[in-house]
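What follows is a pair of complexes built around chain A, which joins chain B in one and chain C in the other.
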Partner chain A sequence: MPISSPALLDTRYPLETPEGVDLLLQPAGLLPRLLAFLVDLIIRGGIVLLFSIALVSLGRFGWGLWSICFFLISWWYPVLFEVLWQGRTPGKHYMGLRVVHADGTPIGWSASLIRNLLRTVDMLPLFYSAGIISLLFSQRLQRIGDLAANTLVVYREAPLNSAPLPEAPEVIPPHSLQLDEQLAILDYAERFAQLSPERRQELADILCPSLKLRPEHAQASLLGMARFLRGHA
Partner chain B sequence: MKQQQFEQLRSDSWLHFEQQLEQLEKGDKHKRPAEDFPQRYRALCQDKALAQSRAYSNTLVERLQQLVSRGHQQLYRHRSRSLSRIVQFLLADFPRAVRREWRAVGIASACFYGPALLLGVLVYLFPELIYSLMDPAQVRDMEQMYDPSARRFGEGALRSSDSNWVMFGHYISNNIGIGFRTYATGIIFGLGSLFLVVFNGLVIGGVAGYLSQLGFVETFFGFVIAHGAFELTAITFAGAAGLKLGWSLIAPGNLSRLQALQQAARDSMTLVYGVILLLLIAAFVEAFWSSMNLAFSTKLIVGGVMWLWVAAYFGWMGRTHAAE
Partner chain C sequence: MQLNNAQVVIRPRSPWEAVDLGTHLARQHAGLLISAQFLAMAAVLGVLSLVLMDYPTVVALIFWWLKPLYDRLPLFILSRALFGERPTLKQALRAWPSQMKAQWFANLTWRRFSPWRSFHLPVTQLEGLNGKPRTARLNVLSMRNSQPAAALTIVGVHLEIVLYFALFALVGMLLPPEVYDGWDFNPSDWLDDEPLWFAHLTNWLYLLVLAVWEPFYVAGGFTLYLNRRTELEAWDTELTFRRIAERLQKGSAALLLCAVCLLPALYSPSSLAAEGLCLPPSSEQLPPEERLLNQALTSQASEKAIHALLDEPPFSNPTTEYELKWGEDEPEKEKTAERDGKTPWWLKWLINSWKNSGGIARAFEVLLWLVVLSALAWLLWHYRHWLADFVGRLQNLKPAVRQRPTTLFGLELDSDSLPDDLAAAAEALWPNDPRQALSLLYRGLLVHLLDEHQVAIKNSHTEYEVLGLINAQQLPQLARYASNLTRHWINLAYGHQLPAASVGPALCQAWRIVLKAAAPLTAPATQAASA
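Then we have the complex of A and B:
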C-alpha cells in the first residue's frame, strides 16, 4: 500500500516493532550534528574555564581535582549525558536530537561508551574528517563510532500541528475515494491554514480533474469533503 | 468508522497513556506507573495501525506515531548494569573475558613486553640509545626524579600529601586517556593499538634500562613495581581489546564486516570496563603507595604480592559456576 511506505525523499527509516507497527526514525544529517557538537564544545569549554578559576585558589590539591575534572569532561561528558538523560547531551537537546540504539531502544552504557571512545578515530586525521566521510557515505548517517556501537542520532518528536479543520459546509465526494485520495484531501484541509492563497488554489487544481470539480469552487469543496471524511462525533 | 468517532472513542485511553509516559520519562523509578502500561501500549499500536490503514488524517497518525515511539523507548530496553551485574563482572565476567581473549591478550602482551625487554637490554648496554627515544630534557628530568642521592636531601619529605592528590588526578586523566586511545585506534585494522602498545613498551623498557645502568635500580623499581602490576596489565588489555576490533574487520568470518565489528565492539567492552578499573587502582596505588619512602625490600615484597594477585585473579577467578 502506498500510504504505509515512507516517502523516498526523506531520510526516515522504518523499524518494525514486535507489535507489528513501524517506528519511523529520522536520522539527523551532518549540519545539525555539527551544530550540536559546537554547542557542547562551548559548554565544555565553559565548564573547564569555571573549574580552572575555582580550583586555582585551592593550590596543588585543586590542580589534582582539575585534572580529574578535565578527564571527566573530555571523555565522560557525552557518555554520562546520553545514558542518564534520554540520549541527549545539552547540544543535542538544543538541536532536537537524541541517540538511540539502531533498534530504537534508549542508549545504554556500553553503546554510548563505544561510540564516544571511537571519537578518537572519527577525529582522524583532522577536524573529524573520518567521521564526516563515514557519515556522508552511510545510509543511516552514522559516523564510525555509531557504526561500531550500532547507534543512530535521530530527531526527537517534533511538536504537532493541532489546528482544527477550517469551517466549511460538508460536501459528499462524487464517487467513493481511494485511500490515498482521502488522505490527500484530509492533508490539504489540515495544512490549509499554513498555505498562501495562491498555493491553496494550485494544490486544489491538481485534484479538480479526478473529482470533477470546477476550479473556482475547488477550495470550498475540498474543505467540505475533508469535513465529511472526518465525520462528526 | 469515521475519524472523529474513532478519536472520541479512544482519546481518553491515549491521554491516560500520555500521562503514564510523562511520569516514566521524568524517571520516577520508585513511583511505578500502573501495571497496564504494556497493555495500553499494545492497544495504542493497534490504534495507530488502524488509523493508518483507514487513511485517517496525517495529524492523527503522526500523533499516534509519536506516542508509539515514546512508548517504545520506555518499554524496550537493553539490559542495564545493575549492582548485581557489577559483582558478576568482578567475580566472573572480567577474568573470563581475559581468558576467552587469550590470543589477543597474548599478542598484545608480546608486543608490549617484547620490545620493552629488547630495548631495556639494548639501552643498558648502549646508554646513548635513550636519546633516540626521548629528548635530553626529558632524560634529565627522569634522572633527577629517580636519583637516590636526591632522597637524602629530603625529596621524599618534600612530596607532601596534597601533592599525592595532584599526581592521583594526573595519573587518572593521563593513563586512562592512553588506555582509551589504545583501544579506539584498534579499529584501524589493529594498527593503532599495535603502535601504541609497542611504543609504550619501548619507552618503559628504555627508561628501565637507562636507569638500571645508572644504578638507580632501587628507586626506580621500588617505585614502579607495585602499580606496574595494574598499569602494564591494563595497557596490554586495552591493546588486546583494540586488536579484537581490528581483527573483526580483517577476518569477519561468516558475518559482514559491519556486523563483525559491532559484535567485536560489544564483546570487547568487558575488557574496556576492566581497563578503567585497573587503571583507577593503578593510579591510587601509584599516588599513595609508590610515592612512600620505604625500604626497597618492603616495596619489592608488596609489589611482588600485587603481581601475584593480578596473575591469580586472571588465572583462576570465575572458573567455577559458584560465581554466578
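Then we have the complex of A and C:
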C-alpha cells in the first residue's frame, strides 16, 4: 500500500533509487536484534567451548591455537558471515534480519569491519549500553557502529503469498478504482475469514452508499469484486 | 477514536515490527514522556525516601513494586498523542491520578509479575474492561502476540539491570581519582553495611534508568496491542474504504452524468468479450506438423537444412580435449591400505611432539611472528608510493630532471659539437655556405635556450612553438632576435630561399650583442673571443 503521507510515523524507510523506484527498507529494532545477538552469542560460545575441549590437551601450543581461534571467532565471525552470506549471521538469519548499507546495497568489507570493530564503543560503559541508547534514540534504529559505517539492520522481505479468496460470483466494480482502493478490497477479501461477522458487515456498510450496494448483499458483492480484481491466475 | 487522525501509518505488521513502531513513537515524544515519567516517579520516590529515611532498601522495593502505576502515565500520553491530541506536561501530570484508579489493586498484586504487563495494560486502562470480558478479550488479542510481548518484558527486565550498572560504571569512570582517593572504600564492607546516602543515591540512579526505559517499554506494549487490533478489525481496510467513500461521494455529483453515459460503454458486452478473450496457445507448444508438402522446398527439407546449419560453426563448436589423469584404481588401494594400517608415522610424531614439549609451540610462535612481520613488510611495500608521497623526505623535493632532447628538427644539439666562437665561425662560413652558417646559428640558439634558460623544449615542438616558448621567457630582445633568425632559417631550410647577402653578418653581429645581454653568465672565453 502506498505511503499516504510522509509526515506519518512508520517503521518503513522509503528509499528512492535513481530510476524512480521506491524501495522500502524496514530497520529492525532492539528486540529482534538483541535476540539475534543472543543466538550468535550462544553459537560462538559453543564453538569456543568445543575448541577449549579439543585443545586443552595440547599444552602451551593448544593455548596458542585457542587464543587465535578465540580472536577469530570474536572479531571475524560477524564480519565473515555478513559479507559472505548476504548480511546475515546465523542469529540474524534466525530472526529474519540482514545488514545492508543505508542506501540498500549489500554490505561490503569496509562497512562490515567498521560496524563490528566499533562494537568496542557500543559496549561502553557496560554490556552494550551505549549501543542500546543510540539504537533507541536514532531515527533508523542504528547503534554507534551502524552510524559510523552507515549501515542498517533490516528485516528480510518475506515472500509474497496471497491468501485464497472466499467463494463468490465475480462482480465488476461499479466505479473505476485507484490502485490502493483495489488493494483494500482485495485485502478485505483475504482477511475476511479472520474478521468477526459484525465487523465484516460494518466494513462493507462504509462502501454501500458510494458503490450503490444493498447492505444485505454488500459483503458478497465486495468479495465478488475482489475476485474480479485479482483476475484468473 | 478517529482513525483518520492517527499519526502513524496503520497497516498490519509483524509483532516485532509493531514493537519497533513503539520505539519510534516513544522517540518522537521522548521529551514529554521522559520528563513526565521522571517527575511522577520522583514525587513518589521523594515521599518514600522522606518517610522511610532509614530503610533505603525498603524504599527501593516499594518504589519498584509500584511500577505498574507509573506505566499509566506514558500510556495516557501515547494514546492521546497517537491521534494528534498530544497533552502538555501539566495536563498529563494532572490526568495521572485519575488514570491510576482502574484495577490498581489487581495490577499491584497478582498481575504484578505478568510477563505481558505492557501488552495487557491498554485493555485495562483504555478499554476499561474487567473480569470475564477482559479475559475473553485478552485471549483473542494474545493469540499470536504473547511471545513478543513476553520477550519485551523479559528484555526490559534485563535492560533495566544492564543500564543501571552501566550508569554506575559511567559515574565511576568519570569521577576523578582525587575524589575517591580520600575515601575509605572497601566493597566488601559496603556489601554488609553501605552508607545511607549511597543507598539512596542508588535508588535515584535506578529512577533515572526507569525514566528513560519505561516509556519505550510501555510504547512497545501499546503498539503491539494496536497492531493486533489493526489485524483483527482491519483498521487499514476501514481507512481506505472511508477514503473511497469520500472520494466517490465528492465526485459523485459531477460524475453522475459521465457515469450514466460511460459505464455502459465501459462494461459493454464487447469489452467483456475482449477481456474473456483467450490467445491461442503459442506455436511452440504445438507438436510439429508436416505442412507445405506440395512445393519444391517442403517443411521437412527446410527443417533439415536448418538443423544442419545449426550444427555447424558458429552455432556449435565441438572441441575435443585431452587431459592427463591419475590412474583411478591405485590410489584407492593405497588409501585403504593406509586406513587399514595403524596411525601413520607423521601423525604419531606430531602428537608426540605436541605432548612432549613447548618446542613446537615455540616454533609456531616464531612462525606466527614471521607471518605478522611479512604482512607488515607487504603493507609497507604495497603503500610505498603513498608513503613516498606523504611521509617525510622533504629534502628530496627537487624539480624533476628534465629530459633534454639530443636532436631537434634533425639538428644535433650537443654543446660540444658547436665551435667555441660561434658567431665568428658562422661569419666565416657565410660567403661560401650560407646554409651551414644559418644552421649553425639556429643550433647555437637552441643550445643556448636549453643550457642557459632551461627552456623546456621537447622533441615534438615545431620551430614556431619554440618561438612561443621564448616569448614566454620575457626577454624581448632575445625573442625578437629569435623570431628574425627563425624566419630566415625556415625560409632557407624548407623554402630554399637565400636571404640577402647582408643578412648573415648582421645576424652574427646581433648574436654577439643579444646573447651576451640575455645571458650574462656566458663563459668568459666566449666573451674574450667575441671581443
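As a working rule, the second predicted complex is superposed on the first by the 205 of 233 C-alpha atoms of A that agree within 3 Å, B and C clash if a C-alpha of one lies under 4 Å from a C-alpha of the other, contacts with A are read in each partner's own complex, and residues count from 1 in each chain.
Convention: contacts are C-beta pairs under 8 Å (C-beta built on N, C-alpha and C of every residue); 3 or more make two chains touch, one makes a residue touch a chain.
As the structure is a prediction and not an experimental result, all values here were calculated from the model.
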{"item": "First, second, both or neither for A:60, with chain B first and chain C second", "value": "both"}
{"item": "Partner chain in contact with A:199 - chain B first, chain C second, else both or neither", "value": "second"}
{"item": "Partner chain(s) touched by A:28 [first = chain B, second = chain C, both, neither]", "value": "second"}
{"item": "Partner chain(s) touched by A:17 [first = chain B, second = chain C, both, neither]", "value": "first"}
{"item": "Chain B versus chain C as contact partner of A:180, first or second or both or neither", "value": "both"}
{"item": "Contacts of A:132 with chain B and chain C, given as first, second, both or neither", "value": "second"}
{"item": "First (chain B), second (chain C), both or neither touched by A:211", "value": "second"}
{"item": "Overlap of chain C and chain B interfaces on chain A (superposed complexes)", "value": "1, 3-4, 59-61, 63-64, 68, 180, 183, 187"}
{"item": "Contact footprint of chain A on chain C as seen in their complex", "value": "6-9, 11, 13-14, 16-17, 19-21, 23-28, 30, 148, 151-152, 155, 159, 162-163, 165-167, 169-170, 173, 212, 216, 220, 231-234, 236-238, 240-245, 247-249, 252, 259, 263, 266-267, 354-355, 358, 360-361, 364-365, 368"}
{"item": "Touch list for chain A against partner chain B, complex", "value": "1, 3-4, 17, 19-21, 23-24, 59-61, 63-68, 70-71, 74-75, 86, 100-101, 103-106, 108-111, 113-114, 117-121, 144, 147-150, 157, 160-162, 179-180, 182-183, 186-187, 189-190, 229-233"}
{"item": "Touching residues (chain side chain B, partner chain A) in the complex", "value": "1-5, 8, 25, 41-42, 45-46, 48-49, 52-59, 62-63, 65-66, 68-70, 72-73, 76-78, 80-81, 162-163, 165-170, 172-174, 176-177, 180-181, 183-185, 187-188, 192, 245, 258, 261-262, 265-266, 269, 272"}
{"item": "Chain A residues within the chain C interface of the complex", "value": "1, 3-4, 8-12, 26-32, 34-35, 57-64, 68, 95, 125-129, 132-133, 136-137, 139, 141, 155, 172, 174-177, 180-181, 183-184, 187-188, 191, 194-196, 199, 203, 206-207, 209-211"}
